[in-house]
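Since the structure comes first, as structure tokens, the remarks are kept for the end.
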Amino acid sequence: MKRKIRMGMVGGGTGAFIGDVHRMAARLDGCIELVCGAFSSNPQKSKASGKALFLSADRVYNSYYEMFQQEAELPEGERMDFVSIVTPNHLHFEPAKLALQSGFHVVCDKPVTFDIEEAKELKKIINRKKMLFALTHNYTGYPMVKQAKAIVAAGKLGKIRRCIVEYPQGWLATRLEATGQKQADWRTDPTKSGKAGAMGDIGTHAENLLEYITGLQITHVCADLNTFVQGRQLDDDGAILLKLNNGAKATLLATQIAAGEENDLRIRVYGEKGGLDWSQMNPNTLLYRTLNKSLQVLRTGVGQQAKTTQAAIRIPAGHPEGFLEAFANIYKNFALTLDQHLEGKKIKALNLDFPTIDDGIRGMHFIDKVVESAASNKKWTKI
Amino acid sequence: MKRKIRMGMVGGGTGAFIGDVHRMAARLDGCIELVCGAFSSNPQKSKASGKALFLSADRVYNSYYEMFQQEAELPEGERMDFVSIVTPNHLHFEPAKLALQSGFHVVCDKPVTFDIEEAKELKKIINRKKMLFALTHNYTGYPMVKQAKAIVAAGKLGKIRRCIVEYPQGWLATRLEATGQKQADWRTDPTKSGKAGAMGDIGTHAENLLEYITGLQITHVCADLNTFVQGRQLDDDGAILLKLNNGAKATLLATQIAAGEENDLRIRVYGEKGGLDWSQMNPNTLLYRTLNKSLQVLRTGVGQQAKTTQAAIRIPAGHPEGFLEAFANIYKNFALTLDQHLEGKKIKALNLDFPTIDDGIRGMHFIDKVVESAASNKKWTKI
Amino acid sequence: MKRKIRMGMVGGGTGAFIGDVHRMAARLDGCIELVCGAFSSNPQKSKASGKALFLSADRVYNSYYEMFQQEAELPEGERMDFVSIVTPNHLHFEPAKLALQSGFHVVCDKPVTFDIEEAKELKKIINRKKMLFALTHNYTGYPMVKQAKAIVAAGKLGKIRRCIVEYPQGWLATRLEATGQKQADWRTDPTKSGKAGAMGDIGTHAENLLEYITGLQITHVCADLNTFVQGRQLDDDGAILLKLNNGAKATLLATQIAAGEENDLRIRVYGEKGGLDWSQMNPNTLLYRTLNKSLQVLRTGVGQQAKTTQAAIRIPAGHPEGFLEAFANIYKNFALTLDQHLEGKKIKALNLDFPTIDDGIRGMHFIDKVVESAASNKKWTKI
Amino acid sequence: MKRKIRMGMVGGGTGAFIGDVHRMAARLDGCIELVCGAFSSNPQKSKASGKALFLSADRVYNSYYEMFQQEAELPEGERMDFVSIVTPNHLHFEPAKLALQSGFHVVCDKPVTFDIEEAKELKKIINRKKMLFALTHNYTGYPMVKQAKAIVAAGKLGKIRRCIVEYPQGWLATRLEATGQKQADWRTDPTKSGKAGAMGDIGTHAENLLEYITGLQITHVCADLNTFVQGRQLDDDGAILLKLNNGAKATLLATQIAAGEENDLRIRVYGEKGGLDWSQMNPNTLLYRTLNKSLQVLRTGVGQQAKTTQAAIRIPAGHPEGFLEAFANIYKNFALTLDQHLEGKKIKALNLDFPTIDDGIRGMHFIDKVVESAASNKKWTKI
């Protein structure tokens, strides 16, 4: 790279959980520079956030449309290259669309949009304008997730038969949204979150992880969605039986009422010849089982690993890499791709390893069909 | 107890896995004595097994009917008190029925019978003749399973909302039955195993464990059963969505094709105020989660525990108790109950902590409805 | 075997922890029968214990000398074959000596005697009378400990360089002996326990395990013994630097004041080519590390294992075998050896896999030299 | 903070492991900006590194003295505020001294210098010139290490009795330095590493962690140092018995020949009332044991935690924070302190939570005395 890639941000005023995460992830490798932002719909708050982030005042905007307009007028070499959109779900589409139309590439938090129509429209613009778009399904950024994908792709498990993916959290076991907690508030509000609650927030991560690792696609769902906490409008728990496009079967559990659980996303994949087991809370370990042999504990950076895995590792084995590093891998690959794009080079396959609008559309389809299935007496709903 | 309880055995010729397990379990506490057996339908083999077990030749029988007849003629104080039936599923009913009719109490391996009609008939005889009957759903014999049940019963989790029970094994990931392996052979044969494979063999353990710990009953199932190994007739894998009678939801997974897995029965139970997590392969540990507090690692014998837990512990904390000890707890409680029964005493509630014909009938219902659901396009099947 | 081996017992009145353990261990495999006992120095208590164990009253003795005398007069085929001595340390020597002189083989709890002179004298008698003697260093009975020994013996680790063995317990973190707790009472009393406390009670287990697995011998110790609980006379904690006879180094920690610890005996052995890691509280797992490769998790009963390992396993992989099963492996091998001895057969090497008087003497030497080193300003004390 | 703190760097040319780590750590929180560097003694290499880091060419220097001289001439608001020194051990002192004398604050990799005299001299300059100096004993940056320190300080363990700290690595199990591997090369060379090998490289981390968490000081050592790999000049393995200044005892193991181990720094601390157990490879978990109660699993961000812990956490519980985040905590606290220093404010105690020259001197003392003890026949060497 000849220069740092320049990032703007929509949303993520100081104090917002996910805005900080995106910024730390973008900073980690030193190849992205935050140059501007519209951090809040409240101009005061946006200014204050920009100041706290050491931005010059003239690059902190009152609104994203102002930002896109004014940045577009800056000379190349100064204006932002892409924008990172870290607002609640219902506020993804408009800024993403406008950014793309204004010639800015986009990194967007997940789920990609409020509904599937919006997602499809974004895809059209992306394709038409040949823009880059990354969706932060960040769990695919972990080195051992990439290693799992590589093992499956290499056929080491044989044909996949049974998958189990689960994502238990406990933070919504009580009616947290009633206390004014901001994260809980919009996530449980159907006008902001979309038609699904837990299933949209974390179920889509599970769905994306399953398809990423196995290289398979979900074809049918049989969903049971629940709202256990009284007064809540959206699902806070759900379990799904799944069919995959090679004949394999899976279960997917996403719950936010598993009292006492932190963030225990876990996936197990079993094929004819072996199985894999990965847990987000112990992310540098990947259990690899084979028929009649000893369990192998694959570890970040130990032994021969796939190129995608190696590219996702920053420090030697035994020095734990965590959530932010995995998140940063999305940003790093996006930045490297964008750099090649801007330089007019052929983009390296290795750097294309980040989720795109297609993952976003799959996720919105998934939400749609899961909600449809949950309301149906029929066992299987096609996806 | 004034004397050892005397046990006979049907099946379990030397070398049979489960026969040995029953004998070790029965021996462990020194209150049961094996006095006779019809160990095989092959008289030669039965004799050889009896000899290897140091039984006197005249107490080793050619058949179970011979055994019941001849033992019944022996004086009290010499004849067996109960019979342990450790044959394949299709050979449970006849000897159990005959034993009960001949005045012998019964310990029977699970699932209780070949089909539900047989199970119901056994119950009628048991009730009519006021006999004792234990079913070896042995996993309920673990101290920390009893502790889990006690915690739920004490209301410490609040109302139960979400349960996850899973039982992955990998030993049938290939067509082992084609190699002549005896255990695989009958378990995959519908004329011996009954209408379910994995779901009957291990799914019923999961179902029983779920109901034992939660004190709840399954009311509806939505089942997906699979036969992944070509040429196999019965299910070797299945996943089920469940409704419980308090409004809680659960998932149950039972698979024997999870390549590389040993015997990893695990159950998680989440209520309004907390959650429990227990794994059979690490059985002396019970994870106890509560809202916003530190995870507690409950351990066999550490701290204040329920009476049922204490009664199930033989050695101090930190000295691992295993599968055989849990299995022996079924036998011990059965023997203590039988002793009180024989002495005409009121039976202590503490000793009644073993699975009975009712658990057996629940299990057969479960198999029936799971198989029915698997064949149906309807989402929910009532149980 | 043509018949069960007949066991008598000295000590172990009902309620005594270790007496029960020995009995359960002896019972488990059905090849040993408890036929008599002198369970307490209090004749009343001995009688009551015998009754509770369903022994006929004439085989329950007032003292061990009475027992040895009267049993010796019984006809072969009726009298006991060996005696199990489960009294506190200071009461091992006299009954063991008398038993051997009376023609009874011996199983003895550890440490073998009160001091090394007694141990050496026992060895003389054993050799002179060609008797069998087993010492219950039970931790060597675990299948994965045997597998560890086999891996080292096969040279898979290369030359051993560094070992770490540790045995933290917490039960004596307070002055439990002052509460009248029986186990604490004699173990902290130098007139009963011998010259070492924690180091004798559990340090010798660690020492024995280290030498068993590595096949090496300790040549020098540099010991630091501590008594942390006020008013206690013997060490309740100690750490030792060790030299082994191949040039390897080791550390050994034995402490009973590690507040909150249960019984976490653990050993790690590193050689030029790999390392092993085994923990008693998770005994069916053996971690096997090699240079630059994935960690392998060896598990009881999974894959190809050593003959000694296989012989120590009773049930399929994934069904946890625990402390009692490991303990029972000492008894089983002793019984099989004794049977061959009584039958005048050549004894199979496989069955000789139990600790003997030589292990006992090594242990007493170890205690002597550790106590000597602890009192010395010199760094190394030769053993 | 009004502006970002400006950092220069000595050493750490692109590709150097630890240089990258320092840069990522410095970047993570967005409050430090790398503005200049002398990345290599080879000017070409320094230039190339600076370019890859997107520095302007005029801020990339041929040598550190050139850098200190030229930066000192830049106006405040442009020149660097502090320098990060990430060279091998023997190249810490000169640049650190010159930086301090030139008015630049210093962050220095550990161990602080080549020998203790250098360390003491640095301290004099620091004190005389009232400069800030941070030493990157990064393991103290982990949130749960801070929580452990807080628990001890709050007296929850009672008086500390027994500590166990160990740091096994396996990367030097073979003669890696003979292959030209750069990291191995200088670390095993006494002219670059100093008088100790493993003990200097990782033993000092263990020592620092022990003193940080317990708040105690080592008073005596009894050391056994070994060089297991033939041809190597420095220790690659060592075990030490320790006395602490409150009467507690400890063991410290540091080995780089534990074949197959990654980087498994672990510390256990036992007091009269409880114990703590923390492992670097699972850093978001802290095990907390108490007398006769259940083990508690304390987790980063779960429940009420110390202020120092909270200040070290960036993301919600269950999102693993790793090595880089812990390392970044050193930089963050240093930057916050430096900012307050530059602003002439009273420095907040909370931000002073980073290792200083005093930790460096303790470490050099430790190395000295360990090496002295290893050569001595005397058991204890005073520190």
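Going by the order they are written in, the chains are A, B, C and D; count residues from 1 in each one.
Throughout what follows, contacts are C-beta pairs under 8 Å (C-beta built on N, C-alpha and C of every residue); 3 or more make two chains touch, one makes a residue touch a chain.
Since this is a predicted model, take the numbers as computed values, not measurements.
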Common contacts of chain A and chain D, by label, are B, C
Note to self: chain C rotates onto chain D (CA fit) by an angle, in degrees and to the nearest 5, of 180
So the chain most remote from chain D by C-alpha centre is B
Taking each chain's mean CA coordinate, chain C and chain D are separated, in whole Å, by 44
For the pair chain B and chain C, the C-alpha centroid-to-centroid distance in angstrom is 34
Taking each chain's centre as the mean of its CA atoms, chain A sits from chain C at a distance in Å of 55
Contacts with two or more other chains occur in chain B at residues 261, 293, 295, 299, 302
Among line, ring, star, complete and other, the chain contact graph is complete
The answer for chain C against chain D in the complex is residues 157, 161-162, 164, 166, 168, 170, 173-174, 222, 224, 226, 228, 237, 239, 241, 249, 251, 253, 255, 257-261, 268, 270-275, 289-291, 293, 295, 376-380
Listed in rising order, the residues of chain B that touch chain C in the complex are 1, 3-4, 17, 20-21, 23-24, 27-31, 34, 53-54, 169, 171, 261-264, 280-284, 299, 302, 314-325
Chain A contacts chain C in the complex at 288, 292-299, 302-303
